[in-house]
Amino acid sequence: MLGYFGPAGTFTHQALLSVTDEEAIPFATVAQALDAVRGGEVTAAMVPIENSVEGGVSATLDILAAGKRLMISQEVLLPVQFNLYARPGTKLGDVKRVITHPHSAAQTRHWMIDNLPAVTVTEGGSNAAAAQEVADPASKYDAAICGEVAGKLYGLEPVASEIADNSSAVTRFVLVCLPTEPPHRTGADKTTLVAYMHADHSGALLEILDQFASRGVNLTRIESRPTKTGLGNYCFSIDAEGHLRDPRLAETLEGLHRICAEVVFLGSYPRADGVRPEIARGFTDEDYAASRAWYAGLLHP
Amino acid sequence: MLGYFGPAGTFTHQALLSVTDEEAIPFATVAQALDAVRGGEVTAAMVPIENSVEGGVSATLDILAAGKRLMISQEVLLPVQFNLYARPGTKLGDVKRVITHPHSAAQTRHWMIDNLPAVTVTEGGSNAAAAQEVADPASKYDAAICGEVAGKLYGLEPVASEIADNSSAVTRFVLVCLPTEPPHRTGADKTTLVAYMHADHSGALLEILDQFASRGVNLTRIESRPTKTGLGNYCFSIDAEGHLRDPRLAETLEGLHRICAEVVFLGSYPRADGVRPEIARGFTDEDYAASRAWYAGLLHP
Amino acid sequence: MLGYFGPAGTFTHQALLSVTDEEAIPFATVAQALDAVRGGEVTAAMVPIENSVEGGVSATLDILAAGKRLMISQEVLLPVQFNLYARPGTKLGDVKRVITHPHSAAQTRHWMIDNLPAVTVTEGGSNAAAAQEVADPASKYDAAICGEVAGKLYGLEPVASEIADNSSAVTRFVLVCLPTEPPHRTGADKTTLVAYMHADHSGALLEILDQFASRGVNLTRIESRPTKTGLGNYCFSIDAEGHLRDPRLAETLEGLHRICAEVVFLGSYPRADGVRPEIARGFTDEDYAASRAWYAGLLHP
Amino acid sequence: MLGYFGPAGTFTHQALLSVTDEEAIPFATVAQALDAVRGGEVTAAMVPIENSVEGGVSATLDILAAGKRLMISQEVLLPVQFNLYARPGTKLGDVKRVITHPHSAAQTRHWMIDNLPAVTVTEGGSNAAAAQEVADPASKYDAAICGEVAGKLYGLEPVASEIADNSSAVTRFVLVCLPTEPPHRTGADKTTLVAYMHADHSGALLEILDQFASRGVNLTRIESRPTKTGLGNYCFSIDAEGHLRDPRLAETLEGLHRICAEVVFLGSYPRADGVRPEIARGFTDEDYAASRAWYAGLLHP
C-alpha cells in the first residue's frame, strides 16, 4: 500500500499515478503521509518537494530532515497546468467567485487580472478541496482553479484552459520510503541531504560548499533552513548532482560528515529530467581510480 | 494608507499593529498587497517573509524579486503562539473537527496527536479565515487553530492555549515600500538582496559567497530560488548582516554587481532583534578608513 | 648617478646598459647597492630579482622587504646566454679547469658533461669575477663560463658559444629607487608587494590569495619567505598583474591591508614583456565604474 | 657510501655528521650530489633546501623536481653561526680583506658595518672554499667568514665569534635517496611535493591550496617555481604538515593528482623540530574513520 499528499485529484496524486498503478491512500497533510511511512502503514509516500503549486514544500523539507530517518527513492516532475473548472452549464461570464490554493492563485494572478478583473479569488487548503467545494451546487463559489485530475474527479467542466501565467512551470515530487540500499547509479542521478553547521559562524556555509567544489560536485538547490531552535540558527538543505556511489560524491559526503555537526542523507535517485552532469576535468570515475592507483604506488615504489 | 496580507486578525495584521496605528487595509494575497504598493494605492505593506505560520513566504520572496522595484524598510519578529478557539460554550471534549492553515497544522501536530488524537484537522487558506468559518454557527467545524487576534476578532473563546509544539517559534514580517533613501544605520542592520548568476556553473554560488566572505560580511539567510524559466536555473535570495552604508557591505554590493548577471537590492533596515554583528579583525569601519588612507599614501608618497 | 650589482660585466650591468647610458657604479653585493639607494648615494640601482644566473635573488627579495622603504620603477628581462671564454690563443682542447658562478654552472651542466666531461668546474662569486680571474695569465683556471659583456670586458675570447642547456632562459632585473609617485599605467603592468600574515594559521595564505581572486587579479609569482624570526613564520612575496591605479588592484591592496599584519608595497611598473592581462568578465575598469554608479543610485533612488 | 654538497667543512657537511658517521664524499655542486644518488654511486646525499647560508637552495628544489624521481627521507635543522676566521697570529685589527659566500656576507652585513667598516668583503663560491683560500699564506685575503667546522678544518683561528646579525637563523638540509617506502609516521611529519598546474589561469593556485584546506592540511612552505619553459609558467613547490599515510594527506594527494597536470611526490619524513600539527576539528584520523563508517552504513542501512 502506498500513500500520497491528498486529497485524491491533487497534482501529487497525478504524480503518483504517473509512476505506478499500485493501490494508494491519500493523507490530509505531508506530515501525516510521511508519518505513515515511518510507522509502516504504507511502504512509500509521494509528496511535493519543490516549487509546488499545492504548498507543503517547506513542510516536506523540514519533516524529512527531522525524526526517524527516511529516504527518497524516486523523483517525478510534472508540468503544472491550470484550468478554470465550474459546474456543468456555467459560462465564463457567470463566474463571480473563485476558490483555489494560494500558490495556484499566485501562478494565475496575471491571467485573472487580464481576463476576469472583477472576480474575487478566495484561497483554500488545496486545489482538489476547491474543486470539491465548487462541485457542491450550494457552494458560494462559481469556479475552482485546479488541474485536470481534480476537475474531472469532481465532475466539473473547464470554462477556461491553460491559464497559468508561466506555461513552463513544473513541480517536483518525491517518493519517500524507509532507508534501504539506494537505487542503482544511472549516470544521471541526484542526491539530497541536510547539513547542520557546528555554529553560526561566518565561514560555515563557505566551508560546506567547498567540500562539494573541491571534489567537482555541482549543486542544483540549496536553502538555509531554521533548525527549529530560533531564527538565526540554520542548517542547509541541498540537492547535489550525482549518486552516493560516485567516487566524487562519496568523498564529498565523508568530508561533510567531518566538518558538520550532523549530515542527514536523504537519498540518491535517478533525475526525472535525465540530465547527466557535466563533470569537470579531474573528477570522473577514471580520474578517481587513477589518483588512487598513483597514491598506492607512492606507498610501495 | 497602509496595507497588509490579511484578512484582519492574521499574525501579519498583528505585526503591523505592533509598529503603527496608521490606518491599514487587508489584501487577500501577498501579491495583491505588494501590487498595491507598486501602484501607489498604499504607501507601504506588511507581509510575512520567513518561517511564517501563514504561508506566503516563498511567494513574498518571488514577488519582491520580480517586477517594479520595491524596498524593505522595516522588519518585525513575532513570537508565534496558537490557541484552539471555538464558539462560546464549546468544551474541549466536544471538538471533533478542526480547521486551520497548513503551517499552523504542521506546528501543532504533536500537541494534537497527544491531546486530541481522534480529531480531524482540515487545512484552510489562513488562520483568520478558519476562525471566521468556525464563528458561523452553521459551520461543520468545531474549532480553529489560530492566534489571539483572530480568535478575539471573530468572537471565539479558547478551549486550549499555547498548543504550539515549539514554543520559541517566531515569524518574520517586513514592511515594504517603494525605493527611497534607506533608513539610517543603527549598527544592528540587515540587508536583503537577490543575486542572479550568469549561468548555472559549478562555482557560481561559491563565487557569490566569496564576495561576502572576503569582505567579512556574514549571511543570516540564503536560498536558491528558481528564476521562473524552468527548474535548475537559480538565483539566490540572501539576507546579510549590515547596512548599505557600511563600507564592507558597500564594497560587497559593488563586487556582486560585477560578477552577477543582476543584483536586486531589497533594502537595508534595522534588525528587529537588535543583534549587532561580530565583525572580524580587519573589517570594521576604522579598518576600511585606515586601508584607504594607506592606499592614498602609496599614490603620493 | 646610478648603481648596480657588479662587478662591471655582469648580466646586471648589461641589464642597466639596456635601459640607460647614465653613469653608473658597481656594488659588490645587492645589499650594498640597495643601501646606496636608501642612503641617497645613487638615485636608483639595478639588481637581479628572479631566476637569476648570478645569485642574489633571495637576497634581493629580503633586502627589498626589510628596512627603509624602496620602490621598483622598472623591470628588465634579459635572455641568458653563456659562452666559454678563455685567454686569447687557448683552444677548446686545452681547457682543463673552468671557473664560474654556481648558477651558471648549474645552467651549463649538461653541455659540460656532454662536451668536456673531464674538465673540473669550480664555483666563484660571480661570472665577471670568474672572467677577471681567468684574464690573469698566472691563473690556475683555463676558462670562465660567462656572458659576452664580461668576456669582452676582460679581453677574453670565446672557445665555445651558446652553451646554456636551456636556450630560452631569461633573468629578471629591477631598477630600484626611493618611494615616489609610481610610473603611469600602460595596461601591461606588474605590481610587487610583500604580505605579512597575522599568524601562522592554516587559512592565512588562502585568505590572502582570495583577496586577489575575488577582485579578478592574477598572480605571476608567489613565494613564502621566512620572516627572519625562525623557520615556520612566513610572509608572502608576490607579483600581481596590474597597476596600483587599476580599480581592481586598488581594492585588492586595501583588502590586503585590512587582513594582513603588514603589507609592503614595492612598486607598480610596466611589464618588460609587454603582456597585457586577460581580465575576466566583471573586473574591467568599466565594470568597476558601473558597479559604483549602481551603488550610488541605491543610496539616492 | 653517502654524499653531500661540499667541500668538507660546509654547514651541509656538519648537517650530515649530525645524523650519521657513515663514510661520505663531498660533491662540488648540489646537482652532482643528486646525480650521484640517481646514478647509484651513493645511497643518499645531504643537500641544503631552505634558507641556506651556502646557496644552492633554488638549485636543490629545481633538481629534485626534474629528472629521475628522488625522495627525501630525513631533514636536519642547523643553527647558523658565523665566526671570523684568520690564520693563526692574525689580530682583528689586521683584517683588511675578507672572503665569504654571498649569503654569509648578507647575514653578517650589519656586524661588519658596525665593527669593521673599512674592510672589503669579497664573495666566493662557498664558506669552506673561503676558509681554504685564507689558509694559504700567499692569499690576498686576511680572514674568512665561515662556520666552526670549516675554520677548524683548514687550521684557522677565530678573531671574532658569533657575528651573524640574526642569532636565531637556522638552515634546513635534507637527506635524499632513491624512491622507497617512506619512513614510518611519527605524528610530527612533513611532506614535500611539487604541483604542476594545467595552465596559468587565475584560479589554479587557489584550487591547489583548496585541496589542502578542505582536508585540514596546513602548509609550512610554498613557492611558485618557473617550469623552465619561460618566465610566467609556474609550478608550486610545497611543504605540508603530515605524512603520506595520514588519511587527510592521502586524500589531499589524490585530490592534487586529479586537478594538477602532474604531482611529484618528494617524500614524507619526520620534522626535525618535532612539532606536531594542530589538527582542526574534523580532520583527525578518528574523524576520517568515523566518516568512512558512516558512509558505509548509508550503502547498506
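We just call them A, B, C and D in the order they show up, numbering each chain from 1.
Convention: contacts are C-beta pairs under 8 Å (C-beta built on N, C-alpha and C of every residue); 3 or more make two chains touch, one makes a residue touch a chain.
As the structure is a prediction and not an experimental result, all values here were calculated from the model.
Asks: Going only between touching chains, how few steps reach subunit D from subunit B?
Replies: 2
Asks: Please report how many Å separate the Cα centroid of subunit A from that of subunit C, as a whole number.
Replies: Centre separation, subunit A to subunit C: 59 Å.
Asks: Measuring centre to centre with CA averages, how many angstrom lie between subunit A and subunit D?
Replies: Inter-chain centre distance comes to 57 Å.
Asks: Between subunit C and subunit D, what's the gap in Å when you average each chain's C-alpha atoms?
Replies: 22
Asks: Going through subunit A residue by residue, note those that touch at least 2 other chains and give them in order.
Replies: Within subunit A, the residues that touch at least two other chains are 210, 213.
Asks: Using the touch rule from the top of the page, what pairs of chains touch, sorted by label?
Replies: Chain pairs that touch: A-B, A-D, B-C, C-D.
Asks: Given the complex with subunit A, which residues does subunit B contribute to the contact?
Replies: Subunit B reaches subunit A through residues 28-31, 50-51, 55-59, 62-63, 77, 102-103, 105-106, 109, 120-126, 129, 166, 168-170, 172, 201-203, 205-206, 209-210, 213, 216, 218-224, 226, 228-232, 234, 273, 275, 280.
Asks: Mind listing the subunit D positions that touch subunit A in their complex?
Replies: 71, 179-182, 198, 207, 210-211, 213-215, 244-245, 250-251, 253-255, 257-259, 263, 265, 281-283, 287-288, 290-292, 294-295, 298-301
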